[in-house]
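Should a chain be cited, it is by its letter among A, B and C, assigned in written order, with residues numbered from 1 in that chain.
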Amino acid sequence: MNSENTILSIKNVVKHFDISGGFLDQLTIKKGKICLEKVTVKAVNDVSLFVKKGETLRVVGESGCGKSTLARVVMGLYPLNSGEIYYNGNRIDNLTHAQMLPVRKKMQMIFQDPYASLNPRKTVQQTLEEPLRFHNPDMSNGEIDDKIDLVMEQVGVDQAWIKRYPHEFSGGQRQRISIARGLILDPEFIVADEPVSALDVSIQAQILNLMMKAGRERGLTYLFITHDLSVVRHISTRVAVMYLGTLCELAAAADLFANPRHPYTNALLSAIPKVGEKGAKHIKLKGEVPTPIHLPTGCVFHGRCVYADKRCSAEVPLLLEQKDGTFVACHAVEEGRPID
Amino acid sequence: MTKLQKFKESYFLYSFKRDKVAIGSFLILVTLLMLAITAPWIAPMNPYDAENIDIMNSEIPPMWSEGGESVYPLGTDNMGRDMFSTMLYGLRTSMIIAGGAVLLQATLGILVGLTAGYFGGRTDAFLMRMADIQFSFPYLMVAIFIGAIFQVVFGIGSYERLAVPLLIVIIGLAEWPMYARTIRASVIGEVNKEYVEAARVIGLSRPTIMIRHVLPNSLTSVMVISTIQVANAVMSEAALSYLGLGMPVTTPSLGSLIRSGFEFIFSGSWWITVFPGIWLILFVLVINLLGDWLRDVLNPKLYKG
Amino acid sequence: MSHLLEVRDLEVKFALRFGDITAIDGASFKLDRGEKLGLVGESGAGKSVTGFSIINLISKPGYISKGKVLFEGKEISSYSDEQMRKIRGNSISMIFQDPMMTLNPVFTIGFQMVETIQAHRNISKAGAEKIALEKLKKVHIPSPEQRLSQYPHELSGGMRQRIIIAVSLLTDPAIIIADEPTTALDVTIQAEIMDLLQELCASDNMALILITHDLGVVSQVTEKIAVMYAGKIIEYGPTDQVVTYPVHPYTEGLIKSIPGNVVNPGEDLVQIPGMMPTLTNIPPGCAFNPRCYLRQAVCTKTTPELKDVGNSVMAACHMRYKGDGRTNQ
């Protein structure tokens, strides 16, 4: 899995959140005994994947599947419970704040909510200036202004607006400013957490085009988190499908849409509403989505899977490489049980 | 667009202009502030200066009552000081103490609240329990306690001189948890927003993020409680002075004036208590009314853009 | 013959401090029994306000300034609050985006359902519970008896939305207005809810107004579609026709900008430049003209009216009226 081409690889990453609160909240009575009980959300469980230089890897999944947590874990915003993260072959999850700084310059993030991701009390100029001044203390004012002008032009924000505050902009313009902040340090790797899902349909296309253009011009590598599968098909090299904190399938985008292997991927793809296709058959999943607090045993999907058997409810399936290079974590696929 | 122009078009000014109570309160408050600041120049006499005081002039009623003199429009107190001048000076003293105390409260409270809210976990638990403990002491007890220590350390003689800073410290220490709690609550709300994550992605250090990003966004709530805290501090100071734990009678604040008058109220000299009382109520009332209005305007749920 | 619901030239204004703004500008559409209509548009286009104004539920600064809403031939837009209450939640039900807005968290599902039935009908508690149970079965909720004694927070988002649909069915309405019913839900759950709504319309001959920003959802569920832009309906017609052969350049742009719809993977998406104007500064002429690739001088001067452009489609575009040379298959 590791080669010269790999820009980022994560190995067996586990991230659990303790939501049990204070000491008093943890007290529970069980079988007549008072004991402490911790409640943890198992957001990401043993996920391994790698991102190749210059590609756009999409992580898809429904709400609560741990995709946003994965993005933040990669960016070092959350400490790991266990596992390793490598950037350009160097381990980054155990670095100190100071050691991490040169890496931060190369990895940037674009956030979901353009209304929350810009500091409401800072002008566009202040927002864009901050990372530049912080990472390049010897840059002159003129150089900084030039750089800001250049990036603003690239993302299509009028330079006359530089002194304005975020609330004076629409959602689409804010997202452009947010992208400008992500690009201003000339990063090589960008994690985008649902960058268009808060925007209107006609604006979504503008922002996606902008990100693709920036990707081409700058040779960026994207890790793109999304729940919108129609977006996935359009711009991605490979797609990783997540369900309840685990990776179900990792495949080249074209392969995934043409030939989904994992039963969950199948159901997900059939649920996308397509314009002009009336009465399309959805694959009906049984049961309810379990919570990440009480994970099912074995394969996390077995409770909703029509192909599940005894083995599925007992044993966690491994992410195995198939003949064509896709990775699937499913006992049925591994055993060659019939799946349509 | 210039700052002035922006202000003119703002929702803030718009809602102010439509609220008659706010306008009235604001005008009264400004007048009171101006009177207090310019007291040494506009007051007919300096009540702190023993040379101006003649004990023969004591307890002269207001000028419109029988036996009143036009030199003393609101009458004189038991020591022969002009009530009007003394009230101006008293308001000034009360304001200085309240302002200083609120400043101290805010500094302490913001520091504690910011640290607690941003770091969370044990730091948070420890600091907030400290605040709870502080809150569970009545401030009068704190005042008596600190006052006693102070008199032992510096001697009773220097009390008159150091009463103002002492009161600032006492009232400041008593109420900082208000700020700490408010700031903490608002910081916890802000810290989970994406712009803070964005600042972390840039690589900024925690103190920088706290001061440059989180704090400015939490200051709205500070503004709102500050108005209420100023009013509270004025009241606390008056209460302490009334109990004899505050300003000495020679350099009176509004509270000590009311107290000194109270001894004579049954002998008919009602004006020594009533005028400073009205003065105090007016001051506290307009601050509270303005604070109410400010809270409505700055309420993020109602206020957009 | 009168239609089940007819909205005629509806105009809704909001009285704001700098004057009135027009949120809906002359919307007209019809709905028959069992018919499904999609109201599509971006946020701020006026689609939710349209939904609210049908049941006369526009909040305070807003008011209906012109036009009529006819339900079974009766003009309900002029009804008093008292009269309207008999229609609202009875003959016309509404479903909202966030189920927690409709469900009260401190009461059980059963209590809330019984309360709703008893508010509209004189019926015993046991009788009301029977109806509640029947409706829960109808929306395919597993173990419905158990749900009656549960609180809303004990259920998942998809399950809550099913409950809401069951609640809206309690009074056997003739029309359900669903305002973004699946926006807060995951795709797999969304598909299930949409299937359910379709099934209910078919079995009970109910009409549905589906308000959404998602053209994909609309095209799968509805027979008729009305596309709104800046407070106006700019295209109205049979769904299949409109999504396959959009007439108005805005509709066209919307459909083409959906990823994977028109262009090949990797190519740039078709994008509509600019953004929708806010209701306070709608440009003169056609509101879409600054973003339109067909713009001519006339577009900036006169506001186009919704006219028949053939194939039962109506559109409001100077450049696309009949006889402009463009074939509208």
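Operating definition for what follows: contacts are C-beta pairs under 8 Å (C-beta built on N, C-alpha and C of every residue); 3 or more make two chains touch, one makes a residue touch a chain.
Computed from a predicted model, the values in this text were never measured in an experiment.
Student: Going only through chains that touch each other, what is the minimum step count from subunit B to subunit C?
Tutor: So the least number of steps between the two chains is 2.
Student: Of all chains present, which has the mean Cα position farthest from that of subunit A?
Tutor: In terms of C-alpha centroids, the chain at the greatest distance from subunit A is B.
Student: Considering A-C alongside A-B, which chain pair is linked by more C-beta pairs in contact?
Tutor: When A-C is set beside A-B, the one with more contacts is A-C.
Student: Hey, how far is the Cα centre of subunit B from the one of subunit C, in Å?
Tutor: Comparing mean C-alpha positions, subunit C is 55 Å from subunit B.
Student: If you average the CA atoms of subunit A and of subunit B, how many Å lie between those two points?
Tutor: For subunit A versus subunit B, the centre distance works out to 50 Å.
Student: For subunit A versus subunit C, what separation do you get between their C-alpha means, in angstrom?
Tutor: The answer is 32 Å.
Student: Residues of subunit B touching 2+ other chains?
Tutor: none
Student: Which residues of subunit A touch subunit B in their complex?
Tutor: Per the stated touch rule, the residues are 22, 72, 75, 77, 97, 100-101, 104-105, 107-109, 111-113, 116-121, 130-131, 134-135, 167, 178, 181, 185.
Student: Give every residue of subunit B touching subunit A within the complex, in rising order.
Tutor: That would be residues 125, 193-195, 197-205, 213, 216-217, 305 of subunit B.
Student: Under the stated contact criterion, what part of subunit A meets subunit C in this complex?
Tutor: 62-63, 170, 172, 200-206, 208-209, 212-213, 227, 229-231, 233-235, 253-254, 267-268, 270-280, 282, 284-285, 288-289
Student: Inside the complex, what are the residues of subunit C that reach subunit A?
Tutor: That would be residues 42-43, 156, 158-159, 186-192, 194-195, 213-217, 219-220, 239-240, 243-244, 253-255, 257-261, 263, 265-266, 268-273, 275-276 of subunit C.
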